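Following: one structure in structure tokens, then a few remarks.
Should a chain be cited, it is by its letter among A, B, C, D, E and F, assigned in written order, with residues numbered from 1 in that chain.
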Amino acid sequence: MRLLVVNPNTTASMTATIAAAACNAASADTEIVPVTSSMGPASIEGYYDEAFAVPGLLLAIAEGEASGADAAIIACFDDTGLDAARAMAGIPVLGICEAAISLAAFVAQRFAIVTTLERSRVPIETLVQRYGMAARCKVRAADIPVLSLEDPASGATERLRAEIRLALTQDGAEAIVLGCAGMACMARELQAEFGVPVVDGVGAAVRQAEALVALNLRTSKRGAYATPLSKPYAGILQCFQPPIRP
Amino acid sequence: MRLLVVNPNTTASMTATIAAAACNAASADTEIVPVTSSMGPASIEGYYDEAFAVPGLLLAIAEGEASGADAAIIACFDDTGLDAARAMAGIPVLGICEAAISLAAFVAQRFAIVTTLERSRVPIETLVQRYGMAARCKVRAADIPVLSLEDPASGATERLRAEIRLALTQDGAEAIVLGCAGMACMARELQAEFGVPVVDGVGAAVRQAEALVALNLRTSKRGAYATPLSKPYAGILQCFQPPIRP
Amino acid sequence: MRLLVVNPNTTASMTATIAAAACNAASADTEIVPVTSSMGPASIEGYYDEAFAVPGLLLAIAEGEASGADAAIIACFDDTGLDAARAMAGIPVLGICEAAISLAAFVAQRFAIVTTLERSRVPIETLVQRYGMAARCKVRAADIPVLSLEDPASGATERLRAEIRLALTQDGAEAIVLGCAGMACMARELQAEFGVPVVDGVGAAVRQAEALVALNLRTSKRGAYATPLSKPYAGILQCFQPPIRP
Amino acid sequence: MRLLVVNPNTTASMTATIAAAACNAASADTEIVPVTSSMGPASIEGYYDEAFAVPGLLLAIAEGEASGADAAIIACFDDTGLDAARAMAGIPVLGICEAAISLAAFVAQRFAIVTTLERSRVPIETLVQRYGMAARCKVRAADIPVLSLEDPASGATERLRAEIRLALTQDGAEAIVLGCAGMACMARELQAEFGVPVVDGVGAAVRQAEALVALNLRTSKRGAYATPLSKPYAGILQCFQPPIRP
Amino acid sequence: MRLLVVNPNTTASMTATIAAAACNAASADTEIVPVTSSMGPASIEGYYDEAFAVPGLLLAIAEGEASGADAAIIACFDDTGLDAARAMAGIPVLGICEAAISLAAFVAQRFAIVTTLERSRVPIETLVQRYGMAARCKVRAADIPVLSLEDPASGATERLRAEIRLALTQDGAEAIVLGCAGMACMARELQAEFGVPVVDGVGAAVRQAEALVALNLRTSKRGAYATPLSKPYAGILQCFQPPIRP
Amino acid sequence: MRLLVVNPNTTASMTATIAAAACNAASADTEIVPVTSSMGPASIEGYYDEAFAVPGLLLAIAEGEASGADAAIIACFDDTGLDAARAMAGIPVLGICEAAISLAAFVAQRFAIVTTLERSRVPIETLVQRYGMAARCKVRAADIPVLSLEDPASGATERLRAEIRLALTQDGAEAIVLGCAGMACMARELQAEFGVPVVDGVGAAVRQAEALVALNLRTSKRGAYATPLSKPYAGILQCFQPPIRP
């Protein structure tokens, strides 16, 4: 089984973190194919960055599917471009937010997502509502830029820990979801430290993607995710129109 | 007052329809500036088309704001790219779905949106839930391609009428919202024919945008719509990075 | 265009405040017709006062419509008597709570209403739920009697400011809605002071009423707002039965 | 124990029906005090009639409390004026819609309310949402004027039966709530006929009121139902200000 | 009228407390039949204890119905086994949580449940959501073991009082619901002390059960509560199969 | 990895069906340990059967954990006893309803569950609400007894197919969830026949359980699923108290 894991931002070092977490989580016979998006912002912090990350992300998934990937994972906690990718691709596509939430719900009645910047809190709350978990899941922001997670001197992990502590003591959280792909490798350590389940979305998505492939479940093409209709494109996006739409 | 009205698909004839509806609705001292997006699909039918419409749409709004527009309207009923545009722009930005819904809620307790293709029904239902109107508003699809609305021989308006009739008799709808920018000029005629309020989102958004400008209300930059952070971009999207981000 | 703006309490000085805010917000070619209700309580603070404000309010709207008003605004943040007025009148009717909320939702994802007395907090929360905004809007009370807003020595505006500060720092509010018609003239000053959008319902309703009139949208008479049926009335209310029902 | 049962419309024959149902339901040691409102419309069909029924209703409850009633029941299925009455009165006040719903929820997971006119359907749906039962309870209208229930030749009961049948076969209803005080005496017969619980709100409210009195539970005066503040009244309503407010 | 009041835990001293509260609340002509479950845990603290309390509880209700009881009450605030009991029994069955909530909703817009251990908080929150009261009711735990309520030296009532105080001052609660059958006899005293309605579920259920019996309302056997089908049982539970299923 | 798959009813032939589906879905290195509950009803059809299935189910899980199972699956679509099992066990426990729903939500925006008897429809709807999917998932019953699924002559699969067809054409379902463990082996065939994803909960739970074990995620013992407290048991259930509670 080949799982495409797309980092929809364009920072290769973050792809390395994501790939490590994915490999760690995958079954022995699963090949992880990590990809850094070829166009768009260096990190995704809010709605605007999301918008410009989507074309590169979709291109990467289309190319990955053409190269034989069995499923694709979008490794950004905003589940950026997830609906478009599902409509486009024949293979299953998973977002790491939805994947993390679904596993957290199996091990805790109440849980909290701790994300990076305040500007990402409400977008994630909106996802939580769409996924039907608003009554069970609270979202907190630790006030740390995404790329600061790669810099040990930034104090980012201390602020993350402090926010986890607040989630446990003030929100009644029984488990923690790490709200950024850049946190993917910290789950095990934080779980040991805090004594509650700590869910990383990358690992969660890898295992859920394996599940869909093993069970032969692909995105329904009836209704909202119907295959895109063929139509003319104008302007700069026109050039990669053919490879993107199957 | 100058209102930018962006057609986020790349079909100029549809922009003309939208512009006519906007001009019809605007105050005497409002200048309507219609713009056709310079890149992306010829029509927006589902999540995939939406994704590729957003960069061109954001570019058009950024250019419009730089040229002195007081507010911007996104003339696609999916409210495509609305959150990103609000984060990017200093001026207010409105989607025609949210604008239509807000006015419909002032004239009816229960109403229905009639849109084009079945593949757009669930995306609009998701918007309706986000806008808090799921208990009051039902979404129906008339099974008509967006651009068929421009072809009198397509039978599109007959199918639209049939679906409106079902909304009134089977759903208890007290008013109708036209669920596609391409229907913008039909509201008056259908209202007369069916004897209930028929809301066109383009006109609704024009008047709501005028309201925001007159009342000096601009998008809050605290929280979810904070101004995007400056950061490196990679690839093909890199070239129009400066004009897009203020 | 003539807009009737009814103060449903019987304090004329408060009508003057409301009228000033309405005139300030209105288009150049709109005539604001302010009216003080001729019967009922001097201020509306809670459910009981609301009940006795409704007959005078409906009478004022019926008379205003008969005199040629194009739309009516109920200038009390409880949206007192709104449903009854919509059923009665042929012209559109707007409440200032619903109008303020709809504009706040266009400029912020999360916002807070700051009202006067604690006893009005839950009634407004109930409105917020009905308008579908419970997940996005929190209600706070500043513990100030309605009429104290007219007395500079009362300390009312200081308490209002303190509550706004709490909404911004503790609730994640990105914008503020002023939860009482008596606060109508403070929006501009508070917006400058706090650096977030501050929405006054009177101004919001004036512009939304203009929108409905311009777009030829009137209350649907199909369903919940069907024209009241003619029927005998008993007792003291009998005398003004004819002018009230069209 | 003395229970005031107020018919908030001004049709004495309907009060007789209500009184009979109340007496039938009451404990042996409970005295039912039926009252016809002294002012307002002959029947309550929609929001407008509701508005003019409230002052007379509140007057009746105030007088009843002054005369020693232990609790009051508002015998109109719209729960007309309920919040105002609770704020005003020291004694508990119950609406027949909320009372019926609460008992129906004890004997069925899914149930339906069958009311009179279509114009009352949405107002009752709004109550059902407020009472938290939207997922369990559907509202249907049998298209019968309220007072036609008193006329055996009107065909009203046949239409009511037909609508109950639809609720059972099409909505999955497991129990029926009669959605009008005028239907109060039909519950027993319809229950026998259809083989499912049929709940009449008048009887339900009588027993719930007895429960509140027996358990010494009175409306909380902390928060939303705080005792109305003393204040000047203007106009025609001024005359009965003293007896109404305690 | 004979009301069976089952204590589903196996601690007889707690049954005595419950019986006292039930007798206190009952009408003069109602006979209270208190029963201690004959098998299962000594107290019910969380989901696991609930599971093992259910067979004994159902046996007690089946025997009570066979002995002529007119209705049954499950005197545990988790409403343990309520759905199964309703399906099994021909007589009405009430849980004390649902009964308390329904009365609290008649005397307050916002209220709080104060229960014993933190582990019971989320199960009760889940009930509150099912009963449609999540927007009106908050749940708090006082961190007191169930049986400590019987020990004056445990400090349990002081902790209960402290939590009630927090509910009133921090949550905006207007009334309090006692969230454990073991608190049944404290309602009157706490109500006097705090000056807000304090609802005990045992008393509430007694009066609601009387209401159902008096109004001839029994559990609907159409749909979710259909009479269990006869089928083979295996193992240790086989022996009391006949008395349990009618 | 060893996965315990408990059939909580006592029909061994159904365990065989479940075991086959589990083995089919499992990874190569996963050992499926199927267990038939040793006490309780032959099939679980409604709340009553559920109640008596729980003790045997918990016993089976406790024994399985003691024997070295890494996770446990409850193979009944009502997710019978799931909360109690999570509180009891140290290993993760999954229900097949929650597992199926979580995978269906990854491949479709709208889907339908088709279950056996009408009496199971509302209990499953209640689960769907708890799992946050009420807006996306409809429940239908095919009117077939659970054990009839094992009898080719019963016509059960024809009725199942007919109901699936209705879900697709009338509800807008984009995928189907099989709502009974007895249907576990039909997913592949029905998926091929209807051309939409068909999800079997047993297979879904096997893969989700593998995911939890691989990612080292166990039920949180903080909050709702805290380890049961040690306490005396009375009566017949007393005998297997030690093995059940850790």
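Just so we're on the same page, contacts are C-beta pairs under 8 Å (C-beta built on N, C-alpha and C of every residue); 3 or more make two chains touch, one makes a residue touch a chain.
The shown structure was predicted, so the numbers you read here are calculated from the model rather than taken from an experiment.
Following the contact convention of this document, C, F is the list of chains adjacent to both chain D and chain E.
As for how the two copies chain A and chain B face one another, over half of their interface residue numbers coincide.
Set against the C-alpha centre of chain C, every other chain centre is closer than that of F.
The angle of the rotation carrying chain B onto chain D, fitted on C-alpha atoms and rounded to the nearest 5, is 120°. Distance from the chain C centre to the chain E centre is 44 Å, each centre being the mean of its Cα atoms.
We define each chain's centre as the mean of its Cα atoms; on that basis chain C and chain F are separated by 52 Å. Once the centre of each chain is set as its mean CA position, chain B and chain C turn out to be 28 Å apart. Residue positions of chain A touching 2 or more other chains, listed in rising order: 109-110, 121-122, 126, 129, 134-135, 172, 223-225. Taken as a contact graph, with one node per protein chain and an edge wherever two chains touch, the assembly fits none of the named shapes, being neither a line, a ring, a star nor a complete graph.
Looking at which chains touch one another, you get A-B, A-C, A-E, A-F, B-C, B-D, B-F, C-D, C-E, D-E, D-F, E-F. Only residues 109-110, 135, 172 of chain D touch chain F when the two sit together in their complex. Against chain C, the residues of chain D that register as touching in their complex are 10, 37-43, 45-52, 54-56, 58, 81, 83-84, 86-88, 118-119, 121-123, 126, 129-130, 145, 223-226, 228-229, 231-239, 245. The touching residues of chain D, counted against chain E in their complex, run 25, 27-29, 92, 94, 98, 102-103, 105-111, 131-136, 168, 172, 174-175, 188, 191, 195-197, 199-200, 203-204, 207-208, 210-212, 214-220, 222-225.
Interface residues of chain F facing chain D in the complex, by the touch rule stated above, are 121-122, 126, 129, 134.
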